[in-house]
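Chain IDs A, B, C, D and E follow the sequence of writing; residue 1 opens each chain.
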């Protein structure tokens, strides 16, 4: 039962990872990577590691994603303001 | 749990794959963070013991036989550290990207993409 | 082309190399002696039910100090790389709705409170300084997201950050002074097993960590805000 | 001890006087013969004597400098020395000279003494052609020296000694004991080298009048020239005696010496005359080819015996 | 003792507080900053003092109130203390160097710097593998952040590449750690070492490998190190000093700690990784012009060398003391020198080493550069020298031929690019471009240099038990340096006093052959010092090295061990190099000189390495060498080394250039004295062979003999074709040295006698000729012979000197030169080397060509109008020449005075078969009475001379152009002085032997091939961060398949 859940989560995770690298939009890949972290944190709970799950969820999928988004926004605004090309 | 270890390694390989194939700096960093997640998964899964609880001694688990009831707490402790470090590195990488874009020469003649790793090859040999 | 082939060959070889790690590992059936000692020692000598916390804060306290340092370094480094603009920025491109703004102001203290709860109970329940700290930081993030033009008081942030870090080191030094061992939390009474004020200095350390992490992460996020862009050239 | 030395010096003086006379005479005779070969009448055989006396009585009034002045003296001393270190007549005390002072290598190197001094003297004359001639002469010398040296080494190996007296002694007891027959290859190599050494045709480009109108000898007038001419006679004889001692059984009396050296010289001359003149680089290449190979074979044969 | 954790506490507490404290003003934080750094330098210093005074032997520190396996523990033993001391020392210096940056930029810089140092200390001290990871990450992140201290694009892109590589490394290390934990059940290193038997199977190995690889990666192994090079190139030098030196040191120490866990059969592979890195980094570095990147290559190479030495020694099972000595020596050498060089680069701010000529405007910086480059090159007295020596000795004793070849070849590459750099810096230019030099930047460099020197002297004097006389060359150097401000004449006098004192001391120490060589080398030098006084001005830096060189050469003779000999040898090389570098336009010649000299030195070193240890008798090497059975390999290597040093055929290419470009009086030293050191080496060899009668050296001697005679021939021909007077004499020198080794290799009594005589004669004759020519060059200001001519009238004293010289060299009787030639032929015939004898005669025939050219084109012929008012050579130059002439005359008149004692010296080794009848020397085949020849010659020369004097009347001096050809009076000396291309005809005949310039072509090809292969290899470093990543992972795979494939 748990194994099946893990396998399903795993498949989602792998596809998210592939999607993260295949998608053109960086914002999508950031979200996908956040999703991976979230799934990982779920697996951590299954693995009886609540501390780690909390940390992964808050830092890995939460804060990291936010940092990514902010950084992307900052880089974008720079490129746009300097008249650079869009990515 | 072997399954999660396998998953962890798959994430590691995927992360390396991303770092090796993606030209975009952001995606390389994403590759790195996926690699990191994979490693964390591997670490925690190595400490897992089937049918045991989290290493928190509730009142119902007596202190004297607690050691036969819980999963290995050490990997969890290590992963905590690793996650925070991962965040720090990721944040710093992103800051670097911002600064690289900042110092990019946005000349109309300069066709280099400021977000591509191939634009930063001035130093070599 | 060659490069692509090389990359995939590399990946396949990596899989082959890593394979023994999967195939030769047998699932654990019981704790190894060291883990066992941790579990037993933590309950007996430290009075801390959350063994992960006691490992993180006490047994491997030096790691944690390092970990805090890493985060501190990241903040410092990012601050070193990106200097904030002194004057107010122009209005952001996007303005959050009033509901969101109000909601965030309402949620902010609650999240802070929750974060504080988590790190204070780090030795009892799952979570601890880091998780609590992140929650505090996420409260600030919420505030920033909701109100783009908000200006955080960096002096206060720095003050919290510096002081909590300093106090962490001082507490460690007190252990060294009193008990001859750096980061020894046992100079405070161990208290009653399972109560808030137990496990020596662990709750204090974890609280300091929580404060520090919260302040640092807030700082990092704030540094990376798009409108805080600093142009030095 | 002192008397011995004086006797020795006295002997040396006599020996030198005889050989100078003989050398000049030989030169005259040869000039005559050469003239006849070319179909001319030629000067009288005593012409060299006349030249010397004539020149001796002239005085130079100019000087190019110290080295110019010393050049002919070096040259003359070189000729004298070369002769004096060779035992001229085997078994004769009178003609033993100072051969006790050194062996074959001393003689070989002493030959250079005069040449070096002469070269320096001529060099100070300031005329570029002297330099050219000397350069050519030295180049040729460095080449003919090789077969000669190889021949000498071959003989040294053959007789296991450096001493000229002992080499001659080993050749006594019949014509077949001569090096010429016991070591013909060395003799051939040395014979060819002698042509170069005497700067005879075909290796006479160094002093050939047609090539260098004003070579070193013409730089020096009057008493210098007389000294050079005297030396020419003595030096020639010295070289011939050396060859005779090394290859042709030496001489047990002055008369045999005269005979042998004359024949050697004559043979040398005849063979040389029948070849066209070599350019300097051709001469060098020639010497370093066949005579050298012959010399090497001679050494190897002797080393294997 | 202070708990070392206070260092962490200080660093961290102030690191955390600085953000607040900075509000009180930068002065406060700056003071605190330097205070903390100073305190943290003093703490380990205190511990070191404790260790040496015996009050402590280090400590183990546990944290958190629990004992080791449960909690993290740290060790502060001897090694840790030393490294922490060095790191904190460097940190302090670096901080001083960076002080202007810290003053201006934000407080974060200081914080990052302190935490960086803390992490390095932590890496060194911790005994917990996960803690290693944490400190490694702190180190990395602090470094990443600090790299942006200069926010330019290069720094940032280099930093980003660094982060990618660092990210991969930390990923690997983390996987490794968790599996190590899983297998052994512990994170404590000592605990884990006890349980290393649990690391079984592929997985066990892989977990070790992952950790090891990450550490290796941080040590920047070739070729997975492109990212590091970019960092070295782009980042601020003050910081790079820390990254390249202190961080690498800490990581290296981590490896050292981790090694006991690795099964010993893998040490060899690690050594291989190190060697490959050392070799290829130096190879690629050859092409590098940018000093930062050059130092980057050098740093990486040095780390590779450290890795190689450590793991190879471990694999040999050497004891810890030896490992500590060798690795420690190399380590300290690299540590101090490299950091300071990076700082220096930061001061000079030139992106191309060829632009470093402005360093001349600041002599102190130039001296520092010299010190550091000498240290990095492994020259004495610096620690690298001892380490390299010991290491090669051990490698040789284990028969690791490939390692020796690799290390020495790579060292040669390193020397090449380092000395090229030094050469550029020493180049004489008119540039007056001043270097901006704040005291804060020069101070750390000066301190490093002083620390390095003090350390070197202390190790040399105390630990290597070198006596005072052995370090006297260095003392002499310093002593003469103190007189630097005095004029040349005074300094020359001081030098004479010093050398005389030394000579007197030396005289009491030597006997037999030693005495002979000591006399030639030291007295010969002493006489020539007089000549050096002909210069005016101060001639700074000349006398110190001159004195150093002379004493070193003298010490060669009395050296008692291989090491001592080699030590003096290298000192001699250094001193002569710097003397040569005093010349004009000497950059490339000097480089050639040092490369060939070092190549020779390495051959000698390996030769000694393969020789048996000599018994510890208090006798000099020439008495003891060969007392134990010495192998043919050792002899051959030594022969090659000495052959290079004397510039034998094939190795001669450095000689003409060097002799030509060096100062004229230096050239005289090189030819007459320094080359004799090589001859002395040959005598050592010869003695060794004599004492090993059972050894079959026939082939070796025959080869050496033929090399000698061919050298004589080819060098003579080459000499004949030179237009440059110094090159002509240089080739002549090469040829004469060929005779010496020919005579020596004949290996009979008379042969050795000839060799000794030739040595003395060559010294005297070359002294005369070179000094005479020095005077001529000084007056005519040209070295082209066709621009001279007719100088006999203006410089008669020099002429006589040259005349005597050429008579002597050509071997024309009656001068002593003949005796030596005569003995040579005797020796050759006695030996049965008939063809060699013929060839030697051929060579001496050719010698006439160049000797005549030398004297004719310079002194005879037509004088040039511009030389109308030329003066005679300075008296200073003439005095030594005439002293030499006097000696020559004496030994020509009475050869027996010299020959008899020499014969006695030789008969110790080879019994004599010579007979003496009065003055007559009788050999197996011939005889020679030198005195009689002299007397006869004097008489037959004297009589005509007197006669001519008698008959010559008043003469009139002729005018210059009192010559006529074809009825034309020449008017220009150029057309009448036959000097240019004098032996054109000879060239037509014999030029084919020398025009291919096979040796030059060969060495050109070699150097071209080496540098182009370096250039090809460096294409690895494409500059693309992703490619670097791919390289790293490929390296991971390849190294795994090599190491774990079995």
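Here, a residue touches a chain if its C-beta (ideal position, glycine included) is under 8 Å from a C-beta of that chain, and two chains touch if they have at least 3 such contacts.
Nothing here was measured: the structure is a model prediction, and the numbers come from that model.
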| Fewest touching-chain hops separating chain A from chain E | 2
| task | Determine the shortest chain-contact distance, in steps, between chain A and chain D. | result | 3
| task | Identify the chains in contact with chain C as well as chain E, in label order. | result | B
| Most extensive contact between chains (C-beta pair count) | D-E
| Which chain, with its centre taken as the mean C-alpha position, is closest to the global C-alpha centre? | E
| remark: Expressed in whole Å, how far the mean CA point of chain A lies from that of chain C is 19
| task | Would you kindly tell me how far, in whole Å, the mean C-alpha position of chain B lies from that of chain A? | result | 11
| Intercentroid distance (Cα basis), chain C paired with chain B, Å | 16
| field | chain B and chain D: spacing of chain centres that average the CA atoms, whole Å | value | 98
| note | Shared-interface residues of chain A (touching two or more other chains) are 49-51, 55, 59, 63, 67, 71, 74, 78
| task | For chain D, write out the residues touching at least two other chains, lowest number first. | result | none
| Touching two or more other chains - residues of chain B | 1, 12, 16-17, 20-21, 46-48, 54-56, 70, 74-76, 80-81, 83-85, 87-89, 91-92, 94-99, 102-104
| field | All chain pairs that touch each other | value | A-B, A-C, B-C, B-E, C-E, D-E
| query | For chain A, which residues are in contact with chain B within the complex? | reply | 3, 6-7, 10, 13-14, 17-18, 20-21, 26, 29-30, 33, 36-37, 40, 43-44, 46-52, 55-56, 59-60, 63-64, 67-68, 71-72, 74-75, 78-79, 82-85, 87
| Contact residues on chain C for chain A in the complex? | 50, 52-53, 126-128, 130-131, 134-135, 137-138, 141, 217, 220-221, 224-226, 229
| task | Please give the residue numbers of chain A that touch chain C in the complex, ascending. | result | 49-51, 53-55, 58-59, 62-63, 66-67, 70-71, 73-74, 76-78
| query | Which bits of chain E are touching chain C when the two form their complex? | reply | 3, 5, 8-9, 12-13, 15-20, 23, 61-66, 69-72, 105-106, 108-109, 111-112, 115, 118-119, 122, 126, 128, 130-131, 134-135, 137-138, 141-142, 144-146, 148-149, 151, 175, 179, 182, 185-187, 201-204, 206-207, 1030, 1033-1034, 1036-1037, 1040
| chain B contact footprint on chain E (complex, rising order) | 130, 134, 137, 140-141, 144-145, 148, 151-154, 156-161, 163-164, 166-168, 170-171, 174-175, 177-179, 181-182, 187, 226, 229-230, 233-234, 287-288, 293, 1018-1019, 1021-1026, 1029-1030, 1033
